[in-house]
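Okay, so chain A shows up in both of these, paired with chain B first and chain C after.
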Partner chain A sequence: MGVSTNSPVHPKSASTEIQAAKAKALTVIRATETSASSPISKPSSPGEDGGERDLAEELNAQTRARYKKGKLLGEGTYANVFLGHDTTSPNTLVAIKKTKKLDSFKDGMSIDTIREIRFLQELKHPNIINLMAVFSSKDQNVNMVIELLPRGDLKTIYYRGADAKGPEVSYTGADIKAWMAMLMRAVWFCHEHFVMHRDIKGDNLLIAADGSLKLADFGLARSFADPGTRMTPEMVTSFYRPPELFLGATHYSAAVDIWSCGIVLGELVKRDYWVPGHTDLEIFTRITEVFGSPSEANWPGVTKLPNAPLINPSDDSAPRPPGMPTEQWNREFGQLGPIGIDLLRSMTSLDPRKRPTAKQILAHDWFRTAPAPTKTELLPQAGGGGGPVKMAEDLKRKPGEAPSDGRADKVARKIDFGSMKK
Partner chain B sequence: MSRAVQRPGGAAPKRTEITDDGGEFHSYFDSPELRNVHKTDKTSDICPVCKSSRYLNPQMKFLVNPECYHKMCESCVDRIFSSGPAPCPIAGCRRTLRKAKFRAQTFEDVFVEREVDIRRRVAKVFNRCEEDFETLLDYNDYLNDVEDITYNLINGIDVEASEKKLQGYAEANRQLIDDNENRARKAATTYAARQAQVKEQSRLRREANMREEERERQERLEGQRNIINQLASRDGDAEQIVREGQIGLKRRHKTAIPDRRKPSASATKAEDGKLLYRGLKKKTEVEPERPFSPYAGLRIANEYSVVQDHYDAPWLSFAWQDERYLAGGFKIGDFYSRVFSEAFAGLSVFVDEEVAGRNLTGSFSATEGAVAAADQDVNMSDDIF
Partner chain C sequence: MHLNEDAKYRTSTQFRYWNFTPDSLASLRRNTNRAAVERVKAAFDRRRKARIAADKAQNGGEVTVVSELQTKEVECLTLEEEQKLLGYYCAQCLKMGKDNFKYPANVYYMKRFYLFNSPMTYHPKDILKTALFVATKTENHHQDLDKYCGQIGGKKPTLRDDVLAPEFILTQALRFTFEVRHPFRAVLPGHSQSAVQLQQALLSLPQTSGGPEIIHEVHQMEKRITEAHSIASDRYLKNAALLTDAYFLYTPSQIWLAAHLLADEPLTLFYLDTKFTVAPGSNSSAPLKTRVISTIRSCATMISNGDTPSQPTLEERAELTRVDKKLYQCRNPDKIDLIGLNKAQKRDATMDGKLEEGLAKKRKIEREKQEKEADDFWGPPLPNTGAPG
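Now for the complex of A and B:
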């Protein structure tokens, strides 16, 4: 399915060229679109351009025929999400995420989509969202067939929104333990296969019909880098971004995911954002207030990181908040018990080397002390929470997008520059 | 075993035919001779063998043998059959009887006695119950067959064939018959135990209620006595005192109500402290709480390589010396294990097996293949990144 914008003029695009006289600018875009999509738009008529469909096209047509799209669940600038079903077993409902072909991407496909397909096709785990198939439809859109997770996401359970309008769900420490166990299993599985997720947050933890948690949205995932390869520090939704990324580290490890998991754990207890802010600097300041200021003493080598001037290493008069005192930790996170607080504090160590690995977390005593993790089927669920629509909302979101109920983004995010280009 | 089995040619009903040796089993029972015996039995208590009567021996007991159902007294049985099998002493009946088979008659009518015996014998073999069958129709068909056999045996129709059927079934389903028997026995014993317990409970409850009533009556009497005493000793409005006393009585009565519940609650407790309720469904055994399983049963282990902490690789030295790497959290160990994993990734993949599997699945699509391959990776020791 070669995408070439300068393919020979097709009989179909000839008709559009009649219109070209009327609206030139518009037609240029259309012409490129139709010519680019022509091999796919008429796949069932072999021989029109002289040849049979090749194997890849044949397989694609098979897959496309197998999954039928139903009603639109959610529409975003980045992707549309449809309810669908498998024609071979009509009881199997699926979500079909149709990523839009945007001209802003070089080859019409965003790197996020490629990442997501690449990793989801290979990572199969009960706590990782299941990608069932991928096919392309007309206009070169990539369709991902994903298992339907009708119970919304973890954030709707713990966070009711800035205006507290969401459904109120009460849960206990045992429930938090069960959710964290499932999250850590998913993260452990990714890390064990040398994949960092880099966008762990409540919105990306979807809840399956049986109550189990599924890690979704691998749009920012990547496999562990070789030494010498630079990794982008502008990853992970800002509220969940670890300090080393704020400081511009270009060589980091799976510990970035552990920080995000720690923040999710904290938010599960607080039932609110833990380190929110409108700008990165604001969030980083909040991090120093809660977790303490990075220094050579508690984080050797931190002053060598690219954004080290952010923490004014040479200026002794700069304010250096010591972080929350222990009594405050105990007060705010008493629900976790002393062992749980210990785990939470280690997961949110400033120095990434001091954070435990996912494997070590799963081996932590917290999961073995009373109360035992709740059984999956008994976990509380958000009553009346969006269902498949909420899932669609999570799927269509652009990876790494900050939560959208701060005041600032109410203005800025409404103006969508990406869609205006088209 | 019934005699009829050994007898050839029992195919047609021979109601009137009486042969020398006692004839066909069925016709033998139709004989006027036996009818007479039966009739005289009804009126007098005289042993047909020794002619002693109940008048002379009040403890006289009559026994029958299911071979021929001729009645005789216990002492005759002892006398004739103690030294081994012997022919029936009744004239005209030459069946060989054994002492062990003699038993007291349940029904006065020997025909009923015989029918019950046959039915019992058949029911012991054909002991399936309704739950064993998918549909009621199947069960009814089965019952119909069983009744056919039973009827034939009782009325001497096709006796040989019926016996053969019965024996054949018993041989073929010996284990199943035993199982069903055990099940029925168990059900009977638990039912009996339950009945006994329920009885005991209701007795306890009744006694508790009686005690309670007695106590209440005493209290009421005492209250009335109190009122009278107060009327006698206190001065004041007599009506007032009576009213107060009655209120007190009522109050005492009210507080007594919870007490009244108590004995009845304990009455549901059986002697051994086990609570028992009627109409409870059988509960399935609850699985014991399993300990926390960190990986939910998954296991990923690198079987093909052992990763060292450090390798003498000068071209990588920057990764463990550069502070920007260290402070950013970069772990050279992760790189080592990934490299080894990748190096040995294909070792447990057997292409031959996968190709054979592909032929089995009719239409094979590329995406399905990828998914299937990824599924296998879950249990594989290393990965494909």
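Now for the complex of A and C:
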């Protein structure tokens, strides 16, 4: 007790009454919850400041007591990730992401953490990472209890670029179809709930023990804006960022996620980055080479976007790449078949209004033509590249951060066309 | 592959954690008030006893001074007084939030917070600024804290710590759920839907003489729909609906329709009619329709009861002053200095952390020693060459 040595024990009657009242209140709260799984421990114990615990403190303490932290899986500047388990069913292993209060962020809980918690609390879907509980520890850091996804991420499986690690895993067009179906279901679910993810990439697609794919990292997510509300274009890791964001659009839609999904699909076939670059300008130039140059003809309104003058020189003699010729698409993405290539090209339409919705993609013929998507449990797994430690690496990263492999820009979020300015 | 409105709402934290029956809501508040009263009394009692003990020690076992503190039982706020005070501060909160958001989540952060906490424990004026600041983070209006402090103003300048110290208490009491599902999202689509349906209904009317008049009426009806929509949203949804308990008791669509009903009852009933079309000769959906309408009516009653002038009357003001004065006397003395408490808690945790660190280091050395001993016995592990299988 923190009061003083003079202080006698609480008057018994008062203390028991508090406990009774609190126990009753807890019962009321529990009765309103749909998940009746929370264990009822002793209703009251001393609070952190020496007095009795608040009702909210009590609930928090119960959650904290339920999940026990085990060994440290990964340490980052942004968060530490621990292996943990649920004491009510000790066989259930979990990952506990403990966010760090960075000195650089002095404004309390970081906005990325708040966003991630906000959306993951709402979005419950088999292909979205499951946030099982949130609690705060004594040092006032937020702990997120997340389902353990021990098989690493999708990029580890597909990426065979210059700096690829681990043995190569081979997979087929049917496997790609299965992964894409799971990704699109997750994206469809987010969009149905009016949430844009804004950071879809291979590193954020984690693989569960049963082989299913789970969309993770909602640190950049936001709900759809009302018509007329401005949004920041400085979102999405640069290799997966759609052209409208490079052009500085402040009014954009869920179609930004569809572009990123299209790039992931392309990378699954190429097994390498598709539109990489050291600078934003390089990446944007690469986009025009692959997908063609934006113009009023193929994208009505594009010339009114803030960065359009930089990209579309008034000088008409400047070369405007027409994009990859069809035979090259067929050569590079033959694995998808003509129907698959058709889908890929529509997902990566320059004009966001021409991209299909997640729902339309799921209804696309590609998923219904042979080969059928592989059964989840038969999907190939990463050989050596996965494991809980890989999951920890993915979880502790800051959203929007590209892998530090020398090719990617480290502060990926800031769009920088500085080198363009004359 | 279709998620209907209800299915989506049922997965939300607003439904899972913050939805109540009138009885369970009242009972939760009663219990929160009772627990707070007991704690305030216990805290005063502890202080009184400490004081008497100190007196005794000073005066050789004799109690000399019997001050008011030592005899007078502290008078605590009743549940009704708490609610009056909270009503006032929530209205303040709404006013502050309106400058910053279209969707003032901060009001419901306050209302949710005070389901678990009493104003006697945490004064609403301390929580107010933090609730708004957390809402700026959750609702994409985030700004630098220094700038925020400058904007908030007030009689006394707002300091960074004033805003940050209660953040932990607040987010914990919100149970780390930050989404507030508002009825606003339904307003615009509902508006255009009723316009379309109305036109269809008019088109299906039997042709009568006087065509031009019908065009005139369509024009008028459009105006009426637009008016109903703006009254529903500006007068009711953005004000009274937020200040009442509607969000705890009804779904966003019920709240939207209730506000619309208050704005234009015949139009709303017409709109609902179009949603309950039944095959001729069958009345199977009649009981459901009756139930829906009666739910909407009870929600509308709640909202219209909350539709009071934004400025309290003189009498209300006097009553608020009285309650506030009373609160001044019965605040839980252990919880007044939130900034100090927050600092102390962080300090304790850091000390705990250091302790744990030392322990971890000791364990690591032990483990390494054991591993080395095992190696000495079993030989070192085989090199991992990834031999072909």
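By our rule, the second predicted complex is superposed on the first by the 348 of 422 C-alpha atoms of A that agree within 3 Å, B and C clash if a C-alpha of one lies under 4 Å from a C-alpha of the other, contacts with A are read in each partner's own complex, and residues count from 1 in each chain.
Note that in this section a residue touches a chain if its C-beta (ideal position, glycine included) is under 8 Å from a C-beta of that chain, and two chains touch if they have at least 3 such contacts.
Worth saying up front: this structure is predicted, and the values here are computed from it rather than measured.
Chemist: Looking at A:Val187 after the superposition, I want to know if it touches chain B, chain C, both of them or none. Which is it: first, second, both, neither?
Modeler: neither
Chemist: Using the superposition on chain A described above, determine whether A:Gln140 touches chain B (first), chain C (second), both, or neither.
Modeler: After superposing on A, A:Gln140 lies in contact with chain C but is clear of chain B.
Chemist: With the two structures laid over each other on chain A, which partner does A:Thr250 touch: chain B (first), chain C (second), both, or neither?
Modeler: The first partner, chain B, only.
Chemist: Who does A:Leu206 touch here: chain B (first), chain C (second), both, or neither?
Modeler: Touch partners of A:Leu206: none, neither chain B nor chain C.
Chemist: Is A:Met132 touching anything from chain B or chain C once the two structures are fitted on A? First, second, both or neither.
Modeler: It touches chain B, and chain C stays clear.
Chemist: Have a look at where A:Leu149 lands relative to chain B and chain C in the superposition and call it first, second, both or neither.
Modeler: After superposition on chain A, A:Leu149 lies in contact with neither partner.
Chemist: Tell me which partner A:Ile111 touches in the superposition: chain B (first), chain C (second), both or neither.
Modeler: second
Chemist: Give one of first, second, both or neither to describe whether A:Asp54 is in contact with chain B, with chain C, with both, or with none.
Modeler: Touch status of A:Asp54: second partner only.
Chemist: Considering only the touch criterion stated at the top, classify A:Asp226 as touching first (chain B), second (chain C), both, or neither.
Modeler: Both: A:Asp226 reaches chain B and chain C.
Chemist: On chain A, what residues does chain B touch that chain C touches as well?
Modeler: Common interface on chain A, chain B vs chain C: 55-56, 59, 121-122, 124, 134-135, 188, 192-194, 226-227, 362.
Chemist: Considering only the defined contacts, which chain A positions touch chain C in the complex?
Modeler: 3-4, 6-8, 10-11, 14-15, 17-18, 21-22, 24-25, 28-29, 31-35, 48-52, 54-57, 59-60, 106-109, 111, 114-115, 117-119, 121-122, 124, 134-140, 142, 167, 188, 192-194, 222, 225-227, 229, 231, 359, 362
Chemist: What residues on chain C touch chain A, complex-wise?
Modeler: 1, 3, 8, 11-13, 16-17, 19-20, 24, 27-28, 31-32, 34-35, 38-39, 41-43, 45-46, 49-50, 53-54, 102, 116-117, 121, 133-134, 137-138, 140, 142, 144-145, 160, 163-164, 167-169, 171-173, 175-179, 185, 188, 334-335, 341-342, 344-346, 348-350, 352-353, 386
Chemist: Quick check: in the complex, which residue numbers of chain A touch chain B?
Modeler: Against chain B, chain A makes touches at 55-56, 59, 62-63, 121-127, 131-135, 181, 185, 188-189, 192-195, 223-224, 226-228, 244, 247, 249-256, 299-302, 304-306, 351-353, 355, 362-363, 367-368, 372-373.
Chemist: Going by the contact rule at the top, pick out the chain B residues touching chain A in the complex.
Modeler: 289, 291-292, 294-296, 298, 300, 316, 318-319, 322-332, 334-335, 337-338, 341, 363, 365-368, 370-371, 374-375, 377-378, 383-385
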